[in-house]
Amino acid sequence: MNKKKIINDPVYGFVSIPYEIVFDIIEHPYFQRLRHIQQLGLSSYVYPGALHTRFHHALGATHLMTEAISVLRAKNVEITEEEAKAVTLAILLHDVGHGPFSHALEHSLVDDVSHEELSVMFMERLNKEFDGALDLCLQIFQGNYHKPFLHDLVSSQLDMDRLDYLNRDSFFTGVHEGVIGSDRLIKMLDVRDGRLVMEYKGIYSIEKFLIARRLMYWQVYLHKTVLCAEMMLVKVLQRAKELTQTGADTELFATPAFRYFLENSWSIEDFRELPNVLDQFALMGDMDIFTSIKVWQHHDDPILSSLSKSIYYRKLFKIEMGRVPVSLTRLHELQQKAMKFYGIDSKAVNYLVFADSTSNSVYSYDGTQINIAFKDGSVREITAASDYHNLSQLSTPVVKYYLCYPREIMNL
Amino acid sequence: MNKKKIINDPVYGFVSIPYEIVFDIIEHPYFQRLRHIQQLGLSSYVYPGALHTRFHHALGATHLMTEAISVLRAKNVEITEEEAKAVTLAILLHDVGHGPFSHALEHSLVDDVSHEELSVMFMERLNKEFDGALDLCLQIFQGNYHKPFLHDLVSSQLDMDRLDYLNRDSFFTGVHEGVIGSDRLIKMLDVRDGRLVMEYKGIYSIEKFLIARRLMYWQVYLHKTVLCAEMMLVKVLQRAKELTQTGADTELFATPAFRYFLENSWSIEDFRELPNVLDQFALMGDMDIFTSIKVWQHHDDPILSSLSKSIYYRKLFKIEMGRVPVSLTRLHELQQKAMKFYGIDSKAVNYLVFADSTSNSVYSYDGTQINIAFKDGSVREITAASDYHNLSQLSTPVVKYYLCYPREIMNL
Amino acid sequence: MNKKKIINDPVYGFVSIPYEIVFDIIEHPYFQRLRHIQQLGLSSYVYPGALHTRFHHALGATHLMTEAISVLRAKNVEITEEEAKAVTLAILLHDVGHGPFSHALEHSLVDDVSHEELSVMFMERLNKEFDGALDLCLQIFQGNYHKPFLHDLVSSQLDMDRLDYLNRDSFFTGVHEGVIGSDRLIKMLDVRDGRLVMEYKGIYSIEKFLIARRLMYWQVYLHKTVLCAEMMLVKVLQRAKELTQTGADTELFATPAFRYFLENSWSIEDFRELPNVLDQFALMGDMDIFTSIKVWQHHDDPILSSLSKSIYYRKLFKIEMGRVPVSLTRLHELQQKAMKFYGIDSKAVNYLVFADSTSNSVYSYDGTQINIAFKDGSVREITAASDYHNLSQLSTPVVKYYLCYPREIMNL
Amino acid sequence: MNKKKIINDPVYGFVSIPYEIVFDIIEHPYFQRLRHIQQLGLSSYVYPGALHTRFHHALGATHLMTEAISVLRAKNVEITEEEAKAVTLAILLHDVGHGPFSHALEHSLVDDVSHEELSVMFMERLNKEFDGALDLCLQIFQGNYHKPFLHDLVSSQLDMDRLDYLNRDSFFTGVHEGVIGSDRLIKMLDVRDGRLVMEYKGIYSIEKFLIARRLMYWQVYLHKTVLCAEMMLVKVLQRAKELTQTGADTELFATPAFRYFLENSWSIEDFRELPNVLDQFALMGDMDIFTSIKVWQHHDDPILSSLSKSIYYRKLFKIEMGRVPVSLTRLHELQQKAMKFYGIDSKAVNYLVFADSTSNSVYSYDGTQINIAFKDGSVREITAASDYHNLSQLSTPVVKYYLCYPREIMNL
């Protein structure tokens, strides 16, 4: 069977699968499951085209990796076939540990389990199944390989992950301002002292990339309506878990895998020690959560049903967002109104009226800074290299505070 | 509240909602449910970007309708505000009766119930809820209004439905050859003798449109892998229904709404007489089917589980497609092999080894032919008007025959 | 000096120059002159974006050739480095013999001298300058090499020339219907029996390609306003030549190179025998013609000045186009009016009132037919292979007849 | 005759001409001349697709104006039909005073004559011809009308001129990073206190717009190769003028209009007092300069011929660009080498070895700052409104210094 398939990607045109093992991993159920996990969760409630999946993103990032390898090799950076294959697998699998609505899930269903750790677990299982074929991939992914630029390609401020997701999210949301010249950025990658750098002439493209990223954060990823929907999802999952675990409803509708996480609170140790936890996790997709929520709209518990109905039919809460923390007085005032209106107690009201904050810095000094290679051989960090003196300011996090509550109590 | 929202559509850029009632209908659960029904069903198994929904398509077609109205008015075609609103609602709701995986569903879950009939039922319910605001919309949709060109805009060979779906399906699949110049086609619409026509200078664009449509049929809608997946879906649903209705599994996992259709075979009369049938239908989305299939992969029945697993993880059957009918000898030979291999009987084998045919004609003489308006005032049907003498040949249906079977028995 | 430059092409993104000698030829004045010859002549009078040059087209076709070579090699078609370089040079230079407004020029300034013959002459000169480096290129270009598929890539119904110009002309005119999936078409090229073929699964793409080409012909290349402008250009050049050669104006403004062609009528033999003829030809660009016409608007000769003014300021004649030959009676009637109106004789009137015809067949059986390779190993010609029975009809030429005359005499 | 034409613009799709008088002005020779003046001068030497003209840009900006008017009216900003027509004419004609290679020309052929002043002169002439139909247009263009936001639409930091040129230049160069969301920016325009403002939610789009503009400056408009070519053009024009005016060559080839500017140095007063100066200016296009340069390559003067040949065949000088002023020592050293190599004196060498500087600030506080309208009714200037504290830094000009010299003397 010909395993060098071509895939039609509306973002890049035709995308080839570069190695047989890449094809085999794509065919594997662990990877196929990503077809059922959307990249942007509930963002499609604001951008109806944003239904693309982690499956598609992983293929796109893999395509960019193929291009990056060929650009670097043309600049005489040594990358063996073995390394090329490994770094390609690493980017293919970099997000394989994501569950449905990852961010919401991490705050409700599981206990402090990050998708990075799960990605490694999935890779280790695959490595066993494929007789060690992912050894080098794992080394690179975990940053333990002696050519750090390979890890940089998978995970850094200019990795193929970011390049693809900005392109892809812009494409499917229709927010064209987020489009970055990945083509151009990749053509200007190089390696100095073992690390990934950008040629000097790419400096304006990087500035543009950072600003595009910032724009996508506020316009898409942290769009207030999206934030509100996601917080409501966290709340409905917490409520369902409460009802299940307190025994208030032992028969709450849920798909079997989903129920497995409603009934228990698995920690990362559980994932490590009980193989079935990861097996069940692998069976969950967005639809497990969403079909269950749809059924819950008819549940007896007013909090569960009203949250479910609101989410399913997109009758979202009112959200107020600003740059100063939410006033506690106002929060309590609204909670009082809600308690009266819905006839619920001061604990339950936290499901319906709640405040939180979100923050974002476009560029962070976390050891994976963007380095610029000058023609004279020197390498400088981007904020030092740009004639835009205060690019450094992009690393200051912007915090926004928000408050959500049902529209029904707005005018009480 | 400002009801004149703007929606970001990657296909057209910004799309405005033209009337308040359009906004209200969009907000209605009957319309919101379309968010959970993909336009192209299982095509995403071949084109991973093709995840767009009927919700998005309906908004896009509505946008094109707004443009068409403005073009026609600029050519002095009288369209009152009332009519404009009604024809806009008609296109918005033209597909509201679709269920999940419509084509598969019509061959398995329901009995000869077309989505057009269901669309009318949903419109009638909405009409009641909105105190008759959809009276004129219903007249236009059903072809009972005295300005037939309004119906043509909703349903004809050049309706806004087709213009949008070709654009949209091309965009999300990445099959650029299907892109049509909807902009240009709409600019050249006009009305003669009460019917929608195309100006003469648009004749080459129409040829291109017909060829693009033909290409999309064979390359996307009837792509052999997609066909195979859809047939497998039909088979798994039929099997599930059989297991449920024969009492072999009274507890088969399914969402409540889905179960309602597994346990019964509702006819169009049932939909008319029992309000709950439409209510339950309205609760089904793609995910009801797909989560259930995912659970079925662990079912005891080997046919149900193997079909479910194959569909869910995209381990599709082998499909052979050609222009001559499948030989019965070959079909029986393969069925024999399968019976032996799976240890099943000659009835059950039809779930795993089966043959069928599909046909398509790009242009059909069904009373809604494409008419061309010449400068001298005459109107001629496109196949007579084109200097491409045999355009008429596009109306001859092309039939393709296919045969599907599990890969496991290929080399037996 | 790094000769592996990258060029930014809005049509394909980044385009690399694959060989050093390709870079050297691009830098040569014979090739740089193509920067001053537009691909579509006067089409920018209808499509204001269509200003792209033969320089840009040649680079684009070269880019597609690089892709085609890599696709064919991946299918185990043997192409040596030497051959790859030669066929790349052949496509780079395939149009190097074009002069300004080629079609108009061939009917006015030179005598039956085709641009193909001139391309060979330029290549031969370059070959001398580069010490025989173009030997193989010339063999391939002239069809004398023992691997005919290499010639097919340069000149056939599916050559890189056509693929690029359709893409490029669509892009710059904005006639999106002309966009072809060159990416896809190239991916499906193969070689059988030494000739270029298309894989079976590309059959719908070819149909689309042929129809797109047909559309571009009628909508762009033979657009009636463009035709009219080009015919007026032929007329003004003929008039200028007449004035010059009859001695009516020995001082007619013209650039030196242009004057060299106004004062003489060089034949192909002259080009061969007198080196200066090709030297002077190499010095002419669109602007030589156009600046001269601009100056002629103030000339004493009413025919020269009125044609010049009309062309320069785009006050074009009226053109009537149809499928039946122009009636001689009508032609004479209009000529009578013009003679009276302008006070000119029956010979001179042919410059202002004239009739002609143009024809086009999208697909021609000229020995370079499109062949389809089936999976069973057989090869069939496209019209026999398509289920669109009458694709063959695309080879029937469509003839259109037209009549042009000044708007001033329209209502006399 | 139908004057409501539609023009095919590859940037925006179909563009309509909104008023009859707009159509009439477009047809006028003063406007048609813009077909022969490229928007980006010699940038096509780096970006071969960048051949678009000021004609096309003016039509594009007019299209955006139509959209802006309709957006503002929908927000209840009063714009009468009369005003709409006038502001549309103002944007259509905002650049009508440009000559060929404007920047080079202003430093060589004319004396301190800005294109803005010439635009007003052309408008005044047209106003006379059209019996005062441009009265209001002129008032708006010159900032004398009592609704200043209309002037803002034509000339300010967010005017339709910039929105179009960034879009258009990005499109034709292929530098996609310059694409701005003009669609989105326009949708968020509004008017407060009589001035054009941007709604708060557009703030990230403006940041992106400013950064895109900055990128286009350094990557396209001030690209070092483009700068070098333009400086060489200035030098060749100065040399030609010197040769003509000193009587060294009274017969230097030039088109008549071009000669008129070579033989004299017209000041703005001359343009005002001698009607023929503007008449002759109106006759010049890019090709007048370029055809003449082409002929000059064979001239006896070594400076004129070598500059001409270098420009025409794109054998450009070496350019060195940096952030510190060019060292005088190095300049003199190179000049010494050139004097020896070419056998020229210390005055003449300035044509071949020269240094200069260029500067750019993306955003300037020149009274036309960008104002943001907050929901609470307040209006703040963008640098104060953005949470990107140092956006203000974009207003600091960046200066770059450069040095150009013939490659022949590089290695002496």
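For clarity, chains are labelled A, B, C and D in written order, and residue numbers in each chain start from 1.
Note that in this section contacts are C-beta pairs under 8 Å (C-beta built on N, C-alpha and C of every residue); 3 or more make two chains touch, one makes a residue touch a chain.
Nothing here was measured: the structure is a model prediction, and the numbers come from that model.
J.: Which chains does chain B share as contact partners with chain C?
T.: The shared contacts of chain B and chain C, listed by label, come to A, D.
J.: State the pair with the higher C-beta contact count; candidates are C-D and B-D.
T.: Counting C-beta pairs in contact for C-D and B-D gives the edge to C-D.
J.: At what distance in angstrom does the C-alpha mean of chain D lie from that of chain C?
T.: 32
J.: What's the distance between the Cα centroids of chain B and chain D, rounded to whole Å?
T.: Computed from C-alpha means, the inter-chain centre distance equals 51 Å.
J.: Tell me, which residues of chain D touch at least two other chains?
T.: Answer for chain D, listing residues that touch two or more other chains: 13, 175, 184.
J.: Pick one for the touching-chains graph, please: line, ring, star, complete, other.
T.: It is complete, because no pair of chains fails to touch.
J.: Would you pull the chain B residues touching chain D in the complex into a rising list?
T.: Residues 6, 13-14, 183-184, 187.
J.: Spell out the part of chain A that touches chain D in their complex, as residue ranges.
T.: 175-177, 179-181, 184, 204-205, 207-208, 211-212, 214-215, 218-219, 323, 387-390, 393-394, 396, 398
J.: Quick check on the complex: what are the chain A residues that touch chain B?
T.: The contact residues of chain A facing chain B are 7-11, 13, 27, 29, 32, 35-36, 44, 46-49, 51-53, 55-56, 59, 171-175, 253, 255-256, 283, 285-288, 290-291, 294-295, 312-315.
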